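Next come two complexes, and both contain subunit A; in the first it sits with subunit B, in the second with subunit C.
This part shows the complex of A and B:
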């Protein structure tokens, strides 16, 4: 018996991306062998390997099932070929077919489930799995935080999320993504954050705008609140395989910045302030005139979005509150000392 | 004549007694179900009506259960009493998002209609004063009790951290002076400080899991970021900023071309990527030459030599562990050379389960079966 079940399209990488295969040769051999000799690779101890018995008749059933699925996939690939020959430019249709062709490939399923951090998002099928994963948790968390914290509608009316937004701050040497809505200290937020924006549609050099706004800036004169713009980036170029906005990118593209980063410095006795991160997809490059922000105080985010024809595709949020380090951050950025508010509301 | 009269009256009464039922004194045994069950009125109902102006905390409605729900700027008590959370005007309203509920809310202005439009930003009141004078001073110095208690501990930890950091800086400085005399002779004392600070920062990033290139880049980027901030504070001019940042970049490349971190975070001579990979292949070839057959026993000297090759700069920590597992097995496989007899002296008896016979067997291993 052959050591591999795969003989058809799924082991042929002339027209298919190599990222559709499992990288590690050992793992690949285990997934593609008909009867799992010595058990799954995850079994480390020799005694566990010896104890392993593969399910009865797996060596007959698995290759059969694999063959059926592979043949189906082959048919779909030939359909795609026909479409391409006809000169079809319906990218979405082709992408859907590509997902369908690979969705049951054991190697692809393995990669999507167990190697989710290293999958190649230029492949439609991996985007499909990544989207499913996002919808099952991160999307819900983000929307719940945006709603319960009233970031929608206090900043923008609503959001139909399309991208997964991850954010972290470079405050220490350990990288951890921030959960939406968490309360961060002024020390953590003293330097601009790093973003990872995952698109689930095909994306090549799409342009994005990023705004960080604080709708809880006190407006003592009117006994109300205004919105302050804390950071604004425009024309940020991202693709499926290049989705991170980090210091390397910011350093080599100084033209991204509309407004320099202003760290949160909440004043005493004002409670928690919300900092909303909004990600917009652009139609094209932004107009110099309309994208100019003269005054970051009393920033009208709705007007800005309308004037620049931005489409909100993702959001993130954190909260800040006065702490003992706020004065240091103010000094670092040359800001005046913070005011002190009465403890109780009148 | 009196007597017959009295006789007639007694007779009459007797007749009437016989005619009527006689009632004796009695007590009612069963009471009515609803007797004594009434209570005084609880004064429920609206306390404030539409458009009444209220202050914070004023009660708007007393009720049993939630006949009315708390709407915008209204709170609810444990007995479902509705009260104002903001000063304003009372509004009784319906909300299309909750068609079965009635709400009482507080509008901030008299002309406002509740509920506020769903997609508009909520109208909010700041409701706090900016303090000045003595009150502000008191408030500025005020800290919650738990923070006050923690403060000395925090300061102690902070001092410890600063001390540790300074110790590390001194160590780096000494190491530069000792191991990189050419570099240190070309540096002023100030530059030496700067170099030590740079190495400290890179060390931190490396320990956090960044690659050496990323660590170097981050260090430079955030140094220049701090310079930009000092320009923002008007401490240096824009020209000064440009010269300083380009100077630092030059300085950084000078340091980086000389000093690198070994996998155990000690300072070593910098190696380029090509140099490192060629060293890696060379070291690996040397190892294979030193231990050509991993099933054969080796002596202590060979082991030491192999370890010195493995623990060199060429291999990362992960690779080092892999190589150690591959070339320096703690117990060799069972070959004729490493299996002894029960009669032999200096053999080590090992109890081992034989999977096939399902019995525990005693295996005698000679001393050279184990890593010296």
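This part shows the complex of A and C:
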């Protein structure tokens, strides 16, 4: 029996990206061999390695299956060549064909199943797998939280999500993303958040606007609430392979900021405050005049969005409540002393 | 005491008229009940479910690849079959329309409704393969009783 499966288009990297292969040489050898020449590499414990047996005759049938799928892929690649020769400008059609050509490649399947954090999103097939993953959980949970917390329609009428928004705060070195709608302490939110915005379409240097608003600021005079703008960024340039907005990026691009970060400092006895993060895709650079914000304490988000022709593509949310650390945050940012709401004041 | 207890055990569905308390018996169920329990456990839902395959990541990807190739192969076969049937139907249709052009009388006769004629009950459903037993060599007709 040969030591490897067929070496066709899926082993040819002259026109294909190197990121379509498995990075680890041992794992790649295991996936591209009919059997497991070095044993089950992905199993860590020696005991489980020893007692592991591959399914009977998988080593005989796998090369045949690989060949069938690879030949299909070869046909699709030749179709793409023909389209390119004709000078087709339909990028979407070509991208769909590229997805179809690579979707069954065992190496790609392996990467998108077990190395989802390091996949190369410039490749259409990886974007396809990432989108499927997002739609199966994160998209639904985001929409559910936005609706149950009434961020839709209290801030903007609705959202048709197109991007996956991940958010975390740099209060410690633990690399965990915040689940939408969770209640965070004032210590956590005292520094601006870090965003990871994953586009599922081809994106090269697209511009984004990010707003963080709190629609629960009390307006005692009118017996109502106003919206406070806590952070506003514009013209943030992102691509498929450069999707993180962190302090480093903001420091090197001071022109991104419209309004500097104002940390949540909820008043005592006011209950939970909602903080909605809205991500907008821009048509082009924003106008200096229209994108100016004069009054952050009575921010009209719908007006702002309409004036700047922004398209909401993603959202996130968290909640804050008064805690003992709020005073420290106020001091740190030089904010005035907080009010304490009680029944007597009415 | 032992005998009376054994009698109760065997005919367990007959409830004793008087409730009697015995010393706790650790030997377990009687053989009859045990058999029923073991039979039930063989039929339980957990046993009917196939065991989850415990595959390492590499083998899981290989398994997925094989299943995908198999579904592609099956799909191609079904499509081929459907194409064949479509061709057959087209040629039948063509033949009938040609008959209509050549001889409208014969076409009328061919399409005449045959009243009272039903689908014959003896007709077997057409199958793709012949039956396992082609001919009953040992067949002899039933002898009528005199």
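Criterion: the second predicted complex is superposed on the first by the 327 of 346 C-alpha atoms of A that agree within 3 Å, B and C clash if a C-alpha of one lies under 4 Å from a C-alpha of the other, contacts with A are read in each partner's own complex, and residues count from 1 in each chain.
Note that contacts are C-beta pairs under 8 Å (C-beta built on N, C-alpha and C of every residue); 3 or more make two chains touch, one makes a residue touch a chain.
The shown structure was predicted, so the numbers you read here are calculated from the model rather than taken from an experiment.
**Student:** So if we stack both complexes on subunit A, do subunit B and subunit C clash, or do they fit?
**Tutor:** In the arrangement built by aligning on subunit A, the partners subunit C and subunit B fit side by side.
**Student:** In the overlay, answer first, second, both or neither for which of subunit B and subunit C A:43 touches.
**Tutor:** second
**Student:** Which angle, to the nearest 10 degrees, do you get at the Cα centre of subunit A between the Cα centres of subunit B and subunit C?
**Tutor:** 90
**Student:** Output check: A:58 vs subunit B and subunit C. Expected answer is one of first, second, both, neither. What do you get?
**Tutor:** In the superposition, A:58 touches subunit C alone.
**Student:** Contacts for A:137 in the overlay, against subunit B (first) and subunit C (second): which applies, first, second, both or neither?
**Tutor:** The answer is neither, since A:137 touches no partner chain.
**Student:** What is the contact status of A:342 with respect to subunit B (first) and subunit C (second): first, second, both, or neither?
**Tutor:** first
**Student:** Comparing subunit C with subunit B, which touches more residues belonging to subunit A?
**Tutor:** B
**Student:** With the two complexes superposed on chain A, say which partner A:104 touches: subunit B (first), subunit C (second), both, or neither.
**Tutor:** second
**Student:** In the superposition on the shared chain, how near does any CA atom of subunit B get to one of subunit C? Answer in angstrom.
**Tutor:** Between subunit B and subunit C, the minimum C-alpha distance equals 22 Å.
**Student:** Let me check the overlay on chain A: which residues of subunit A are in contact with subunit B and also with subunit C?
**Tutor:** Comparing the two interfaces on subunit A, one with subunit B and one with subunit C, no residues are shared.
**Student:** Enumerate the contact residues on subunit A facing subunit C in the complex.
**Tutor:** These residues of subunit A touch subunit C: 27, 30-31, 36, 40-43, 52, 54-55, 58, 61-62, 64-66, 68-69, 72, 104, 106, 109-110, 113-114.
**Student:** Enumerate the contact residues on subunit C facing subunit A in the complex.
**Tutor:** Counting only subunit C, the residues touching subunit A are 53, 55-66, 68-70, 72-73.
**Student:** Any idea which subunit B residues touch subunit A in the complex?
**Tutor:** Checking each residue of subunit B against subunit A gives 56, 118-131, 135-136, 139-140, 143, 147, 204-205, 207-210, 217-218, 221-222, 225, 229, 232-234, 355.
**Student:** Show which residues of subunit A lie in contact with subunit B when the two form their complex.
**Tutor:** 50, 150, 153-155, 157-158, 170, 172-175, 191, 215, 218-220, 223-225, 247-248, 251, 268-270, 324, 332-334, 339-346
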